[in-house]
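Next come the structures, one after another.
Two complexes, one shared chain (chain A), two partners (chain B, chain C).
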Partner chain A sequence: MKQENNQPISGTDFKNYFQPSSLKEALEIRDKYRSEVKLVAGATDIFVQYNEKLHEVENWLDISRIEDLKKIEKKEKSIFIGPLVTHLEIIKSDLINKHFSALSAAALEVGSPQIRSRGTIGGNICTSSPAGDLLPPLLAYEAKFHLSSRKKSRIVESDEFFTGPKKNILKDSELLTGIEIPISDAEVYSFWKKIGRRKALVISTLTLNLVLEFENDLIKRAGLAVGSAAPVPVRLKKIEEKMLGKKLSQLDYKKIAEEVKNRISPIDDLRGTKEYREDVAADIMVNALEKIEKERVSG
Partner chain B sequence: MKISLTVNGQLREVEITPYTRLLDLLREDLGLTGTKEGCGKGECGACTVIMDGELVASCLVPAPQADGSEVLTIEGLGSRDNLHPIQESFVETGAVQCGFCIPGMILASKKLLDENPHPAEEEIRLGLSGNICRCTGYAKIIDAVMMAAEKMDGRESDQDG
Partner chain C sequence: MKKYGKGMASIMFGFGYGEGFPDHSIASIEIMEDERIQIKTAAADVGQGVITTVIQIAAEILRINPENFEVIQGDTHKTKNSGSSSATRQTYFTGSAVKKAAEELLANIYHYGSIEFRSNHPELGVENGRIFLYDDPDDYITYWELARRVKESGNRLEAEASFFPVTYEPDEKTGQADKVYVAYTFLTQVFEIEVDTDTGIIEVLNVYSGLDLGKAINPKNVEGQIEGGTVQGMGMAVMEDQIIKEGKTLNAGMTDYLVPTSVDIPKFEHSFIEDEDSEGPFGAKGVGEPTLIAASPAIANAVYDAIGVRFYELPITPSKIKKALKEKNEENK
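What follows is the complex of A and B.
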């Protein structure tokens, strides 16, 4: 049987691939085409999603040439990361490694060298997969996302951004223009763990990120976030609160782990069952606290 | 739309569509069929090439993003009569069985050795972690990369001396 070929004929009449070099132009195109335009940055996710049906996409907005979105900058009390910064650039950044070591560790476990060289932090955020590996660290470090449309800009908390599997609050006129993470001057310890079926190229079965800031041995701030354990990457604020103002030695690790288990809502899928994910989350939580305890003693 | 890019040292101009992948451009427009398509989803590494110095899965690179870039494919690394030391090492250690993954494996090895001329086994495994081989069990591929590291070391010091 002959298959109908719907692909447009090759030639010079392609007006539907936009590759602006400035954010201003990109926002104008975004504003004009709204949901009719597909955003592409590193393409490592969207080209998989549209594998063999790329021709079905009518309009592409390729933001990969916007140099202003590729920077990592130190501000007075934060680090500003452009959305086009790749996973590889995150791994190589001394600035990120120094202040947000768990974000570096998470980036190092994304995909493979071929994916890390192209996939971007902005792509990871806007794809909004519950299994997005950079998302728990961003939540735990209390990142803020800068969003802009042609007319307005706004800054939102990372834990208000994700609304469901592959869903977020980004409007169809907006682009993510930056990720800002506050720098702490306290004594910071971070833990990151990814559980998957193999080491490379695996979608996480579960990820957990714990950040603890200490002042005179007391926990001054806690950031705890879990990935692949709910419809969105989740920050477990209730558990964070219970750790505040205490010494590590005053915490009952087992009890906290049990609470993590109770506060996540994973599903059964081909990467693991609900029960498995709950048990693993509890186990890694204990590991996280033990590891930070050890680091502080030796440190 | 027309783009121009440097492939294996030569400037090429190619007519593309917005949904042409770098992989299609290399194989179909330029006839460089040493770059293979395995999964088409960035998971197997058979389509690996080096673009602007970075290892990429060419099945996930929109051709318009390759405009102005510099690409190295397996055809640009060595020739039948003048193999690259990495290629020699793959032959000598018997690291090739069906061969489908090998162009990607060799380019991933090149990228690794360019950055880290004396990798430990664990570093080799990490460098090649985006490339899947279904024949060899990887042991001989790792031997090949180690042998290549030695050969390249020797040749570099020859040049220096």
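What follows is the complex of A and C.
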């Protein structure tokens, strides 16, 4: 039988609800309560996870009022995105559109307008779902994550951050304080594809992001990442390496696609079979290379 | 690569309980002194629009603006049985009961009107909530005034009617009877789709519907029924799938049990065939459930047209399409 929902409208059933306005305060609370405090920003994941059982959470750390974490800033050779930047703000940002169009495209396909308005990039990263739609672009653009605790700060590569389904290297004393993505001077082309079983409000069956930087027609840097195809969103570095220093015309698209298929490890689940994901990943990889080829020809 | 296909399906649907069940509906209607006409019916409007429909029917019979009506629905103190809002039956059954009650009431308006004017009904006109003598239309009595005068005489300006059509149980061996259902609704739909051969995803582009519904009492409402029903049928064809493992439903929530969202909905064009060929109100037939049925076979036919693969199991998921395409490619090698 369905249990009665015991969640009152204003919280009297939790011990603490912290809503600091500065990062310093937030880190102090995080340090004091560690795993005993539940982090919340846009709440789009946690409200689903804790649907009708919010009363199980004793201490809340709501970081949504920390203005310093809401900025998108251009630095000398990178763009710095605050973890509280919402999907909608990513879509609307000229800076991000200009330099990381695949990230904008991915944000545009997340959930629904309501979820895009509330859900944050930091939330998408820290939830660490293998199906997190912003994650493949962050991997492919070689984003770095800034992590801070009360005493220390560190910067980690995005492809070292995710360790398993909904698992990451963030310590219980740390917060994600920024996402830094390098800007390239080269000619950059990107491809983003989300495969879902309907057009909105759907968990991705598969996502693929390819970023290619060219210099004199040669591939100078390649970023290739796939979501929903392994326990974590994965960057396929071995395949990237094979494209380096070559012209697009020198690549065997079918062979690269076959490699993509061999290097992912999807599972059978409600959203699609393992075989489906492997076959589609291969076909989409060919689409990705063909699209970039076409864009380069048309200039 | 995207492959275009179109597919068609036609359905017929006998609505109401039929098969000899004592299916019926009772409605009553009363003219109040405070410029309201009250319809009482137990028919539940669950969004399909039966309340709008019965008001239109009564307004047409009583020759008065629909704005004057109010409906008491589903109140066990005040209403009698109208049967369920199921089996695509309310427009037909309750629509008919309300129509009959309104006709009785109109007859009562003539009856009491003829007493007031000391005349016979052929001399009387009824229009816009007024009764008058054709010889002197300016000397009229409003329905509300008439209701007041009728009340003074110890009566009420009201009527009640039931609609109780007969059907017959089909013969056990042949399945035949004189009338198994009260009437049949027919629908033909053509679906235009695109199948993405890389992703196996079906996109429904356009749906063209020809609906034989007797009479569209509220055409907008009928469009809503067609679109709503068809989208549910689309969900059945390409998305909805209860996955059970060891007695447990794995997708017992709207996150994983998918139905189409507003952005998945195709473009629609409809045409109505209005032959007024039933005993329902103004010849109308039911249109609720029939609108759901053609989608799956039409989409399956369109998929065959697009990629040459026949599917015999729903939903036709991207995984199934992709697998079928792969097998087809290998056969052709």
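Methods note: the second predicted complex is superposed on the first by the 284 of 299 C-alpha atoms of A that agree within 3 Å, B and C clash if a C-alpha of one lies under 4 Å from a C-alpha of the other, contacts with A are read in each partner's own complex, and residues count from 1 in each chain.
The working rule: a residue touches a chain if its C-beta (ideal position, glycine included) is under 8 Å from a C-beta of that chain, and two chains touch if they have at least 3 such contacts.
Model, not experiment: these values are computed from the prediction.
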Touching partner for A:201 - first (chain B), second (chain C), both, neither: both
First, second, both or neither for A:113, with chain B first and chain C second: first
Touching partner for A:43 - first (chain B), second (chain C), both, neither: first
First (chain B), second (chain C), both or neither touched by A:55: first
Partner chain in contact with A:71 - chain B first, chain C second, else both or neither: neither
First (chain B), second (chain C), both or neither touched by A:275: second
Contacts of A:283 with chain B and chain C, given as first, second, both or neither: second
Which superposed partner A:19 touches (first chain B, second chain C, both, neither): first
Chain C versus chain B, contacts on chain A by residue: B
Footprint overlap on chain A, where chain B in one structure and chain C in the other make contact: 48, 112, 199-201
Sites on chain C touched by chain A in the complex: 197-201, 239, 243, 250-251, 255-256, 258, 260-264, 317-319, 322-323, 326
Interfacial residue positions of chain B with respect to chain A in the complex: 1-2, 15-19, 21, 40-43, 45, 48, 54-57, 59-62, 64-65, 108, 111, 126-127, 129-131
Contacting residues of chain A [partner chain C, same complex]: 48, 112, 195, 197-203, 205, 270-273, 275-276, 279-280, 283-284, 286-287
Touch list for chain A against partner chain B, complex: 7-8, 10-12, 14, 16-17, 19, 40, 43-44, 47-48, 51-52, 54-55, 57, 60, 62, 64, 88, 111-115, 117-118, 199-201
